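As written, the chains take the letters A, B, C and D, and residue 1 is the first residue of each chain.
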Amino acid sequence: MSLDVPDLDRVVREIADEMRARPDRGEVATYIPELAGADARAFGLVVIDAEGRIAAGGDSDEPFSIQSISKVFTLTLALGMAGDRLWRRVGREPSGSPFNSIVQLERERGIPRNPFINAGAIAVTDLILSGHQPREAIGEILRFMQFLAQDSSIAIDEAVAASELRTGFRNMALAHYMKSFGVLDNPVDFTLGVYFHHCAISMSCRQLAQAGRFLAHSGRNPLTGLSVVSPERARRINAVMLTCGHYDGSGEFAYRVGLPGKSGVGGGILAIAPGKASIAVWSPGLDASGNSHLGRIALEMLTKRLGWSIFGA
Amino acid sequence: MSLDVPDLDRVVREIADEMRARPDRGEVATYIPELAGADARAFGLVVIDAEGRIAAGGDSDEPFSIQSISKVFTLTLALGMAGDRLWRRVGREPSGSPFNSIVQLERERGIPRNPFINAGAIAVTDLILSGHQPREAIGEILRFMQFLAQDSSIAIDEAVAASELRTGFRNMALAHYMKSFGVLDNPVDFTLGVYFHHCAISMSCRQLAQAGRFLAHSGRNPLTGLSVVSPERARRINAVMLTCGHYDGSGEFAYRVGLPGKSGVGGGILAIAPGKASIAVWSPGLDASGNSHLGRIALEMLTKRLGWSIFGA
Amino acid sequence: MSLDVPDLDRVVREIADEMRARPDRGEVATYIPELAGADARAFGLVVIDAEGRIAAGGDSDEPFSIQSISKVFTLTLALGMAGDRLWRRVGREPSGSPFNSIVQLERERGIPRNPFINAGAIAVTDLILSGHQPREAIGEILRFMQFLAQDSSIAIDEAVAASELRTGFRNMALAHYMKSFGVLDNPVDFTLGVYFHHCAISMSCRQLAQAGRFLAHSGRNPLTGLSVVSPERARRINAVMLTCGHYDGSGEFAYRVGLPGKSGVGGGILAIAPGKASIAVWSPGLDASGNSHLGRIALEMLTKRLGWSIFGA
Amino acid sequence: MSLDVPDLDRVVREIADEMRARPDRGEVATYIPELAGADARAFGLVVIDAEGRIAAGGDSDEPFSIQSISKVFTLTLALGMAGDRLWRRVGREPSGSPFNSIVQLERERGIPRNPFINAGAIAVTDLILSGHQPREAIGEILRFMQFLAQDSSIAIDEAVAASELRTGFRNMALAHYMKSFGVLDNPVDFTLGVYFHHCAISMSCRQLAQAGRFLAHSGRNPLTGLSVVSPERARRINAVMLTCGHYDGSGEFAYRVGLPGKSGVGGGILAIAPGKASIAVWSPGLDASGNSHLGRIALEMLTKRLGWSIFGA
């Protein structure tokens, strides 16, 4: 915890070097055509500690599609708007099934199990939209990301969003299915338009780690000194990340890494060491559960070497 | 963290008093006939901190049937015997379904999702048994509990074990089903005999909190100074408790309490504050997910007042 | 079999009278708003025997929304276009679940179980569409119905089709879901447009019984003398109707009525007594499985009194 | 229908010859060890028409394990004992899943979908047992088979029954699971003992076709002149055979063969042409749904050549 900065720097660089050299890289996601071209050799890692010191390794300034990592931030936004009313629309239990399963929705009458599977994130997006125009809601989410990272250059990759709009039939099915149970208020096309756009936000590891710092520090963003959420809400968002943040690999991530985290099919992971650091890692190759293969391994090494697991020294 | 002992004492007693006065007490489990007679008014709470100081409130010395809490200890024992080979027989992902669901077993060809649902614990018990006589395995598990708690008076309630043997048809179905996939090695009756007996161990909150201390302290039992498991294994058991320890209420428990924990249908919960304390609570009335209603509420109060959540201050 | 026409007339009229007097009428479907206004007191029954003699009772000339009964005719059309290639897109096994279940599609990778559940009928419609404009496909299906019934007054109720287009979220979910597996070739909106329109065809019992005659007579329509399908194909369509024609009430219908049949949520049923008669019945109130309550009872009486069950005298 | 006997003889012999020569023979079931040794080259076919004339081809007098075909006769017996009360314990809808699936039981609280999947047949056996000793119930079922076939040499293959008792873990799981819902009255071991024994009855095609004749002739056994069940009950048993008699291949059998039938994993099929004939076929190799591969093909040829489909000429 009282790690010297040179040490943290060294650990991060060593891990990045080791990761870049490994032959096993997972499989780049192909189901969103625009993402299929990602370079499987890319690897980036950024750690920002409580004092704001930044340790960076690899492709730490390369922007990538954050995809499902955006769900942490839309959940935060939606809780700010709707408070605990949000939990009437979406549960907070692990799903026990793949990220885009529709079976659970049938059994539980359209209420998604948690806000981090696709159906749940679509329901959360619908709450943010609530009567506004899609363009306004997209702008609001983007500005929130820029505000958290204090970086107005963060942008949406319109080609990725358009690619999803053309091919995201599974998500369209999930959304119409929830609509049939009355779980969505807005026109399905509106809600999905916003959803595909916030998933298409591009950020670097550095920007992402900055944006996540409020979750490591009791809801307060040390960069601005402003409180984003209450300490209790920060803890609770971390708890949902721990139990549900990696789809059907959430148990595995908790077991190996021991930190709350959220992954995206673009290959990024945001991980939080409460009180200690905000961490972003990126490597496009995925494992069988759809989580970054080397990203998870890098985080496992990092928490082991730094003793940062929330489950004990 | 640096709480004065009188303060801890006071917090524990205040919570116990408040809990004993509450009108909402959940429902006592009736599916094991011998447990149906438990007194819904009972409530006990014991916290043992890193220095070994004990704060106790309510019926803290009343023995109760630990039921599924025993699964934490059989997992620990079986990992000691089989090491990571254990994970070929049982997964470590949350189940997304009730504790005795058989559906998942069909989809995943007899491999239970985790060691804390019934099917998974039966598979773990089968590993412990591995060729021995049931009587020997039962003795070994009981002695392990006595050793951890340093209390040779801990015993099995034979009436509860017999009650389960007569009526535990669901568990018999789960076991035969796994057997049909070749997941169990021993005769089903042998494995279930051991399983029903270790679930029938009776312990008080004080004994249970003692037995769990190694999980709070990097695998070492401060009472004996002996290492029970490696620090890494202790962290990993805690991780599995966090994601899977409360059946289909695991997400809720992480969200509200923020500690690794394991519940039993007897109304007990063992919770671990890594580096800080081992905690046992007991109140027989259960919530809809089969976890102690007041036990969970008491732990939520406790972690909030003491700032012990692993998800941040 | 060698029933005198006066006798058949009498049986049909007696059943119609008895049905109109019964207090139990089932529940009119409300999920398509335009259908919710149907008169639960309506009842119609028409039997056309091998010689073309027509026995009619009750509201036999009142048009109603044939809904899923149209699936028998779209299956016939699609088999004519695609032959057995059709069975690569859709199975022919009973579903074991409600008519609009999405669970089976997930398990079987987007291939619907049979052409008479909604998903299967949408896949069949997609085959009929195959590259044409929706308007053309709708026209073709409508003309096929007019040709079979030799009645050019048969029309589509545009208000019903529009009502489905506005509210059919479950069907939209099914279609997008199949699209995600590559089971549909055409744009989802095109396919559903055609589907909702052919479900919205309005026909009377008299027209419907005429249209179904080819299935009772080895594929030949006695009205025109023209062969619609081969004898083998007629038998096979009847077989699929018997096993799959009443959703999750197909077993019950076979058990009680003993004839191939297809129901619709508008309250109609087309039933076929091979070699003997084509039968149409209509009463808007549905039972728990979504089939016409009095329609089924009337058919049970009819087959019993006439000895028409295919399962024996 | 008015087929000359020499013609029927010729058709049966030709089909038997063709079947014996085919290279594709399916896979002999291995999950019951005692059945694994069956000769895949065996093929037998017997047709008994309304006048009692017998046409036989191939290994028509070779006894084989009737396995699930026994379920038709236990259903008949149990309906005689319990009447329609039986349907409170078991449904009559196709299952939409494999013969030994346990998933449906969880969704429908222990009530099997129909009497021809394993769970349903176990529930039916439990009704026959109802308080008696297993030995008595086994004797009663066996005597019923001997009476129907008028052949007291029909016997149980004890080696097959013992093999199932040792290895039938899936069926034990199903039985315990139903017991946990209160669907079985007797001790699970008693019920399964009877079940395994009636499945282990050995019969030749000739004996089996004799035993099934009452189903072809309005419930009356032409051999004895005695009525076994009412005409209505015979029709209804045939209906359940049609919709549920071939597990998850029931739709396929109806589509291709067009007769009510019941298959067993021993490779036998009993098929009924109402009013015309009782048919038994046997070939040990099974298809993917667990039904006799050549048996089904032979029946398809037979009904096609004789015009016996219940779905039309």
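We take it that a contact is a pair of C-beta atoms (placed from the backbone, for glycine too) under 8 Å apart; a residue touches a chain by one contact, two chains touch by 3 or more.
The model shown is predicted, which means the values in this text are computed figures rather than measured ones.
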{"item": "Given chain C and chain D, the chains that contact each of them", "value": "none"}
{"item": "Farthest chain (mean CA position) relative to chain D", "value": "A"}
{"item": "Chain centre separation (chain A, chain B; CA means) in Å", "value": "32"}
{"item": "For chain A paired with chain D, centre-to-centre distance based on mean C-alpha positions, whole Å", "value": "56"}
{"item": "Computed distance of Cα centres, chain C from chain A, in Å", "value": "48"}
{"item": "Multi-chain contact residues (two or more partners), chain C", "value": "none"}
{"item": "Parts of chain B lying in touch with chain A, wherever the complex brings them together", "value": "91-97, 104, 113-114, 215-218, 231-232, 234-236, 238-240, 242-244, 248-252, 254-255, 258, 260, 274-275, 304, 309-313"}
{"item": "Residues on chain C engaged by chain A in the complex (per definition of touch)", "value": "101-103, 105-106, 169-170, 172-177, 179-180, 188"}
